[in-house]
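Paired with chain B in one complex and with chain C in the other, chain A is shared by the two complexes that follow.
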Partner chain A sequence: MTYNEVVKSITPKEKRLENAIRAFVSGGIIGSISELLVSAVSPEFMLIVWIAIAAFLTGFGRFDDVVDFLKMGAIIPITGFAHSVAASSLEYKEEGLITGIGANYLKLAGSVILYGVLTAAIFAGIRGVLWLL
Partner chain B sequence: MIIKSFLFTGFICLIAQIIKDNTKLTSGHITSLFVSLGAFLGFCGAYDKIIDCVGGGASVVIMSFGNTLYNTAIEKGILHMLGGVSTGIVATILLAFAITLLFRVRD
Partner chain C sequence: MVTLKYSNVYLNDWFSIASPDEEKGNIKNVNLYMKDYYYGEKTAEEAEIKMQKTVLNHLLQKYSFPLVIGGDLSNQLATMNTTLKCFDKSFLGIYNACSTFIEGMIIASQYIDAKSIDTACVLTSSHILASERQFRFPNEYGSLKSCYTTVTITAAVGGVLSNQASKYKVVSSTIGNVVDYGVKDVNNIGAIMAPAAAKVFYEHMKNSGKTLDDYDFVLTGDLGRLGLELFLHLLKTEYGIHEEEKFMDAGASIYKENQKKLQGGSGPSVIPFVLFNKVLTSKKVKKVLVIGTGALHNPTLVNQKKSIPAIAHAIEIEVLK
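After this line comes the complex of A and B, so read on.
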């Protein structure tokens, strides 16, 4: 057996099917509740409800348990983004307001903001060029 | 609309989970990927139609960020694109700060 085969044979098999079902159902439930909140109040209210839930779960140290249970169903909705900001902020709280919280605030969310802005700028640029032609 | 939201959000999370279980990409990679995908679908004109059809389920996934960024970039100019995502980003920044004041990091 090669090294890779040994590693493969002793790594516990991930329950891929179970994970996929969990992600689908939990994502679906979050989506349906969002639709209820949007039609009952507004999209802004819906976002703030999820962000508050994710932020408090992070504060109580429970968000990781939720992700263990809901899988990507809790990461891909706005809850994942809110958790990433709250988690890095809490993590560096001890290091002070500026060099701790401030400098690390968007540490994990930075990639979402950067690549969102970058791709939006590229596609807006492409559209501008297409419009000129 | 509620059933469509369930199916749409569920389907997106399912794809994300399949990517996560079958590649070495982390949640951070996948989230970034989906934001970019949202901007691309906005460019194709598809995402606004999805939101009209599906409702809240399409607004809650992170792809909606990319789409809003793209739409605002078209509407107000590339340099003003952050104006449109302010709900999600500003609310996250404020609430995460409030949480930081209230709690200490736990294992």
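After this line comes the complex of A and C, so read on.
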């Protein structure tokens, strides 16, 4: 066995199934509440509620504990996005408004925006082609 | 590898400061605990600087040394450079990741043994919030941690070495080389460092003509529980050393099981923290081999999918009666 194979065999495995179930349930619950909020008030209201909750929990240093428990179920929805910009802003606030917060605000969320927009453009293209046919 | 022997080098004293996380752990006898991570300062970096200053000031009350050798994990050794500007001392800034303290002890021992200087101070520190930001994610970011990773400890430790006889004699040391077994997973620090530790251990035995029986105890740096297992595996398969009882890992012994610290503590202050406050103060230990291990991890190269090299240095300390 090569060293890397030994490392792989000894290294404890992540509990993937348990994590996936937790993420499925927690993400599902967040989604269902959002659905209720959308039908009761409006989509914008729903977004604001989640962003506010995530940003506050981040500011009080509690969101990482929430993620620890809910796993990716709390990161994939808009809560994760709000959390990542809030966390980056807090972390870099001592380095100034421009070089600190401004430059690092989208440090983690930048790839979400870039690939989100890119995916949307690709799917819009496919949809356009289908419509033409 | 180069093995150096010393005839007249002693470890005289030390001072350590740590955070409440370490206070809840297994290592007692620490000189000072902070109330929180910030130590009355605004940022983690300033707190680390204040920790280093506290250590130096306490050591300077008892000893006078013209030279400080030290390093930490911050980029360009920023925190230690800032600390040393407040002291009128010659300064050698060094970096070997988590084996920095042992590297410092080797350099200091060499100067003292060559009678170039009488006394030197070796200093190191690490701060969990500062290194999380620098090497990983913003602190408040809820990144999911792998169950096999280690956690940086928050502590600053300084030691004074001199030619004045004391209980602790520095006998010899081996300067390790950079080893890379192709591990690319940055979370698995133990697996990266285990080969370097095993190699320096074997070379030290070979060059000094000793066997494991000559030591009461072998203390490895911050391999963590998993890393120690891999280290023992490598000793068995590559070097034919089958004994397992005499090895202890400093990182794995710092925290209690219920502290959620995964595989244990890491950082350059781990090895002196455990060596000074647990191993050397215990009455059972007479001859100890200390292996400081460092993962030479650079976030840029890791993102470029390069494997991570590691280094380890060994130093032998004898406790005299």
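FYI, the second predicted complex is superposed on the first by the 116 of 133 C-alpha atoms of A that agree within 3 Å, B and C clash if a C-alpha of one lies under 4 Å from a C-alpha of the other, contacts with A are read in each partner's own complex, and residues count from 1 in each chain.
In this text, contacts are C-beta pairs under 8 Å (C-beta built on N, C-alpha and C of every residue); 3 or more make two chains touch, one makes a residue touch a chain.
This is a predicted model, so every value here is computed, not measured.
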item: Fit-or-clash call for chain B and chain C when the two complexes are aligned on chain A; value: fit
item: Partner chain(s) touched by A:Y3 [first = chain B, second = chain C, both, neither]; value: second
item: Chain B versus chain C as contact partner of A:I101, first or second or both or neither; value: first
item: Which of chain B and chain C A:A86 touches, first, second, both or neither; value: both
item: Touching partner for A:T119 - first (chain B), second (chain C), both, neither; value: first
item: Chain B versus chain C as contact partner of A:I78, first or second or both or neither; value: first
item: Between chain B and chain C, more extensive residue contact with chain A; value: B
item: Touched partner set for A:G31, first chain B, second chain C, both or neither; value: first
item: First, second, both or neither for A:A55, with chain B first and chain C second; value: first
item: Chain B versus chain C as contact partner of A:P43, first or second or both or neither; value: first
item: Minimum C-alpha spacing, chains overlaid - chain B and chain C, in Å; value: 5
item: On chain A, positions contacted by chain B and by chain C; value: 14, 19, 58-59, 61, 71-72, 75, 84, 86, 90-91, 94, 108
item: Chain B contact footprint on chain A (complex, rising order); value: 14, 16, 19-20, 22-39, 43-44, 46-48, 50-52, 55-56, 58-61, 71-73, 75-78, 80-82, 84-86, 89-91, 93-94, 101, 105, 108-109, 111-121, 123-127
item: For the chain A and chain C complex, residues of the former touching the latter; value: 3-4, 6-7, 10-12, 14, 19, 58-59, 61, 63-68, 71-72, 74-75, 83-84, 86-88, 90-92, 94, 107-108
item: Chain A-touching residues of chain C, taken from the complex the two chains share; value: 42-43, 133, 137-144, 146-148, 181-183, 188, 191, 195, 226, 229-230, 233-234
item: Sites on chain B touched by chain A in the complex; value: 1-14, 16-18, 20-22, 27-28, 30-32, 34-36, 38-40, 42-43, 54-62, 65-66, 69-70, 72-74, 78, 81-82, 85, 87-89, 91-93, 95-100, 102-107
